[in-house]
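Order of writing sets the chain letters: A, B, C and D. Residues in each chain are counted from 1.
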Amino acid sequence: MDLLIQIIFGLLSALVIGAAMMVVTVRNVIHAALWLIASFFGVAALYLLLEAEFIAVVQVLVYVGAISILILFAIMLTRSNEGDRLLTKYWWASALIALGLFGVAFLPTFTGTTWNMPQPTGPAGTPEVLSGVEELGRGFVSEFVLHFEIAGVLLTVALIGAIVIAFEERSRRRRVLTLAEELELRKRRQAAESVD
Amino acid sequence: MLKTEELQINIGPQHPSTHGVFRMIVTVDGETITDLKPVFGYLHRNHEQIAEVNTYLQNMPYTDRLDYFNSMANNHAYALAVEKLVGIEVPERAEYLRVLMVELTRILNHAGALGFLINDMGAWQTQLAFGMREREKILDLFESASGARLMCNYFRFGGVARDLPPDFMPRLKDLLIAMPAFVDEMERLLRENEILLQRSENIGILPKEVAISYSVTGPMLRASGVPYDIRKAEPYSIYDRFDFDVPIGAVGDVYDRILVRIEEMRQSKRIIEQIIQQLPDAQGGHINPKARQNVRPPAGDVYARVETPKGELGFYLVSDGSLKPYRYKVRAPSFINLTPLGDMCRGYKVADVVVILGSIDIVMGEVDR
Amino acid sequence: MYDVINHLINTVFGLGWPSWAISLIAYLLVATILFLVAPFQMLFLTYFERRAIAQMQDRIGPNRVGPQGLFQPVADGVKMFTKEDIVPDAADKWVHLIGPCVVVAPTMFMFAVLPWGPGMVPLDMNIGLLFFFAISSVSAVGLMASGWASNNKFALLGAMRAVAQMVSYEIPAVLSLLAIVLVTGSLSIVDLIHQQAGLFISSADVPGIPDLGLGWFVFTPVGFLAFIAFFIAALAEGERTPFDIPEADSEIVAGYMTEYSGMKFGLFYLAQYVLNFLLCAITAIIFFGGWQGPGVGWLYAQAITPTNPDGNGLFNVLAGMLGVFYFLAKTYFFFFVMVWVRGAYARLRIDQLMDFGWKFLIPLTLVNVISAAIWVGLTKWGAAEGLAFVEGWAPLMRWGVAFVITLLLNIAAYIFLARVYSQAQDERARLDNEVLERLTNVA
Amino acid sequence: MDIQRGNIIVMDRRRGKLRAGQGLLQGLKVVWDHWIGSFRKNENFSQIHGTFTIEYPDERMKLPQAYRNMPVLIYDDETGHELCTACYQCARACPPEVIHITQAKDPNTGKMVPASLEFIIEYDACMSCGLCAEACPFDAIKMDHFFELATDDRMGLLQRKADLNRPISYYTTIAPDLWDEVKEGAMKKLQGSIKRRPGVIGIAGHLSDKIAARRRELEAEAAAAPPAPADAAPAAPAGKLSPEEKAAKLAAMRAAKAGGAAPAAEAPAPAPELSPADAKAAKLAAIKAANAAKKAAEASAAEAPAAPVDEKAAKLAAIRAANAAKAAAAEAPAAPVDEKAAKLAAIRAANAAKAAAAEAPAAPVDEKAAKLAAIRAANAAKKKSE
């Protein structure tokens, strides 16, 4: 059993890392986005392997179903600059910076964690650690209600902001008059002239 | 900031909903149409030139091919033109038969046109199938009378080709039993359907003034609110004997065109009922026995017009005294009703184009000739 | 399945394989069966749709290939397979290939949580409902990829429309399910079905009601409105008329499928029909009790005796068969409704579709969620939750009051929204006075 | 606008009505009614429910009598005579000009006979307008009800007379009333034209028994009457003998002999003298040869459809006739007067050969050969006459 899970884990990790590598190396932006989606999928599968079904499903729902679509839309609606050089002269500098940042982010985890694998939970009377949904729901409306509300307000603000921008855009756009409107306009202009 | 560019899209000549080989060069800004240029001529068949090398009677079957939905109405216009040119009298019974056929044509054309229009809106052919069912019944009648379903070639100078077969009238009466049910059903499917209302209300408005200046005719013009019907304005044949109403629209949008067509089917049914009443008393046979079919009209010219289901169909004939017309010109309603398409579509969405085009009810055979 | 295979391998053959191998075999077997079932469902559905819609149009439909034309889809399949696969020169070959696969795969995944009958569920996830919708959103990626890879204006336009439509109609779908989840307090599909036993949605609340398997959510105001909203959203997600805008043939030819031919095209159809089947199935499960129906519970109860607590084998099989029958009957009925709708209606325009989804359906489902909260409060809560005044009421009384209140609330919301929505439509269509005024003044 | 009677109705758009889905439900109801109704068949015109499909290859619509698809030619069952008199009215009426007619000629006199020799309609270009049937004063061309005309052969829709001929009994099955209307006049006219048709001309070509019967009849008449013109003798045996290969061959050989050998024998004598008497003799010989050739060719050709072997004989006869004509023409240049006669004879020979060729349409190969022979004969005659 363990061996099987190890093998699956290895494969999935290879998928995630390989896909992530492809994201940064392929030239075509759309291909990069598709590789990114593959990577997201791999992560979701890893969550499933950890028996965190809810998180896995949310990963799929949010990242694959929503965010990647957003990315694709954004790419398609903007001009593509294909054929730019991938490696600049100072690629090593950026690599160093990236490594440094990664180290900064990773160091606390590295030092602060006791690297003991948790004992596999036995069948008898174990607390439901990861059956999650209900606990998560309760947590959101009790313990973390403030965080939840703040996140909600933030999202609402973002939504309203998007709508406002869209409305501005629409009012600025040249309106094409239909035939009836044009006729009405002509009539009104004539009326205005005759008054003058 | 987001910016949209003007984009040119070619709809047609190969496109599922252009009613034949018809092309529209659509300039869109986002989804809104800023310009639309209809391009036609892909189905040009040299109709008028062919007619000038044929004798007068030989042109009769060619007129069937103009608007192949309403071959009877086309025949009527042409027969009227030649009769006017030569001076042929038409017996009363023949006139009744003619009007009967033409009014049946009107019903079948509107049934089909509404079906195709709803098809263009994306329905899965149900309304079309219902319309086609009634159309088939009428075509059966045409077939029993004239011998063909579409290319009827039924009219002759001075009458019609042959009298009605004995089983025609019972079948016609049966058909008239079904007709109100069919029209009511069509109305129930179309009139209050919210989806259809959204797709048709205030779409493709053609204001009265514009319609007149484009010399649009037929249901299109009447939907724009102009009560102009040649059957009333200049009654030809025996249309002054019948009692019928002229439906007009209030706004001139696609919805009004649907309503006007539905009502015209009802009015046609009224006329047919009156014909059935008056036909037994009609004098004369199905054709004037003195009328020669191989006519040699005196030199001169003539213009005759009828109200086909699509609008005013006129034939302008110039005779030089020979067996063949010197000049033969068709005023095709589909063609002239199509000209305001560009103006009508401006300011609407791309998806509305096909609906507006469908509401004009064109037949490419008549547009391109 | 696990038990059967375990018995077969370890007891009959005595091989002594480990349990993970046996579960692997069991899962593979189940997956294989489902993979076989899905295309057959699709084949039958296409035949069913064509026959039904033909009859609605006073025609006969395909009746030449095989008895009553039953093998027509097979003939179509043969045609699809033998057709030349054309990839446009300017297309992105790989993405063009992957697109249809990514569209089909999620629909197959969704079978994993679908209960066919009592106890017949491949995988009883406790978040099955969420899984179902999460996975269904993946196919949008495939649509996008195939539309983009075709390198065709119509295809890209169709893909954009399809994705926009799927993403926006997921919201009312999930919101309408949320109302049901509020009432039941569970995300597990199997749980949902179990809660729909009894007579009306009361077996859990009102004691002493016989188990007729009719406790369907659709009989409550909350459930009914949720059902209507969900079914409309399902039509949109399954790209069915009147929301089949992505493949509106009168406008954008065939949408994202324009540049596909042969079996790749067939895969899109497969995905679409399987998705339709699944949406119908999930509608039947959530609002119409899935395999619940008169007789299933009774058959189970017959066999259970103190000596045989698991039930009698024969009765179990009978109950299972009846349950599968109920489930499939309901599912096909909803597919028939889909066909029926397709037979009757025209198609909306894309902006009208978005309007309808965002301005009508989402507010409506939001109101329905409130209704659901009221329902839960009135029927389940007591003094502990702060609803002391219901304490004295009889269960039936509580149930009745909840029914009336939610019904009124939902009807009021529906009429109000319908009025506002149709007024907004009229407003949009009328001449834009403001713009005209501005333009007049400029001149 | 001047509306005389009736009113102008402004369509009611039903504004201000709350639209909350009633229209959609109405639509569903309509479709549901049709679905329920579709389990039975739509029987008559007064119904709008029920399937109205006619499953075509299995069931067929009853076509109305007036139905018109493609024009066909009518012949009388009893006598086998075609009603067509080759008056060209249909060809003139045809809008797309797809009707092509050749009128038959009396072989003896060379005069036009009221019957068609060949009648071609290009079905592929025919527009089924029915004007030909209306124009026909003899009711010989009628519109058929047969519509399954699809073919994969490009020339398959070029219909010759043999393909077009239909008996009256067939026409009465498809349009009894229409035939009753015109029957009397048509049959009277037919009798009139039969009188003016000599020999077997005008009998539908494929009715070999009818042709044979007619021929026997003619023979009987000839036997009863005072001795027929002696010049026809060489051809006579062909008619007397049973229509067999041998007879045809014999006739052809005799014709060749008559045409070729006789003048050849005389040739040496008249040539140097150029006397008018000899010229007359030459002319006579030429005419004889031509007639003989024609008769032989006709006789053999008439038998042609019966068996392909006979066709060969016909071909042979035609070739021989051509040779004979050539030989006869060779004598001609002697005198200007004779020249004319020779030319005439040559042309007649050519015509005869042509006719023989035209009557053998059954096997294309042989037809070709016969045509070839005819063309050669014509060419030879032309050359010689020049």
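Basically, a contact is a pair of C-beta atoms (placed from the backbone, for glycine too) under 8 Å apart; a residue touches a chain by one contact, two chains touch by 3 or more.
Please read these numbers as outputs of a predicted model, since none were measured by experiment.
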item	value
Chain labels contacting subunit C and also subunit D	B
Chain-chain pair with the highest tally of contacting C-beta pairs	B-D
Distance between chain centroids, defined by C-alpha means - subunit B, subunit D (Å)	42
Distance from subunit D to subunit A - Cα centre to Cα centre, in angstrom	83
Subunit A and subunit B: spacing of chain centres that average the CA atoms, whole Å	57
Between subunit B and subunit C, centroid-to-centroid distance (C-alpha), Å	45
Junction residues of subunit C, two or more chains touched	56-59, 343-345
Junction residues of subunit D, two or more chains touched	19, 21, 24, 27, 30-31, 34, 42, 52
Where subunit B touches two or more other chains, by residue	126, 130, 133, 189, 193, 195-196, 201
Every chain pair in contact, whichever chains are involved	A-B, A-C, B-C, B-D, C-D
List of subunit A residues in touch with subunit B within their complex	77, 169, 173-181, 183
Residues of subunit D touching subunit B in the complex	1-14, 19, 21-24, 26-27, 29-31, 34, 42, 44-48, 52, 63-68, 93-95, 127-131, 134, 143, 177
Footprint of subunit A on subunit B - complex, ascending	1-2, 4, 29-30, 32-34, 205-207, 209-210, 252, 340, 343-344, 346-348
For the subunit B and subunit D complex, residues of the former touching the latter	54, 57-62, 64, 126, 130, 133-134, 136-137, 140, 143-148, 151, 153, 161-162, 165, 171, 174-175, 177-178, 181-182, 185, 188-189, 191-197, 201, 225-228, 232-233, 235, 240, 242-251, 255-256, 259-260, 263, 293
For the subunit C and subunit A complex, residues of the former touching the latter	18-20, 24, 92, 95, 98, 125-127, 130-131, 133-135, 137-138, 140-141, 144-145, 148, 156, 160, 163, 167, 170, 187, 431-432, 435-437, 439-440, 443
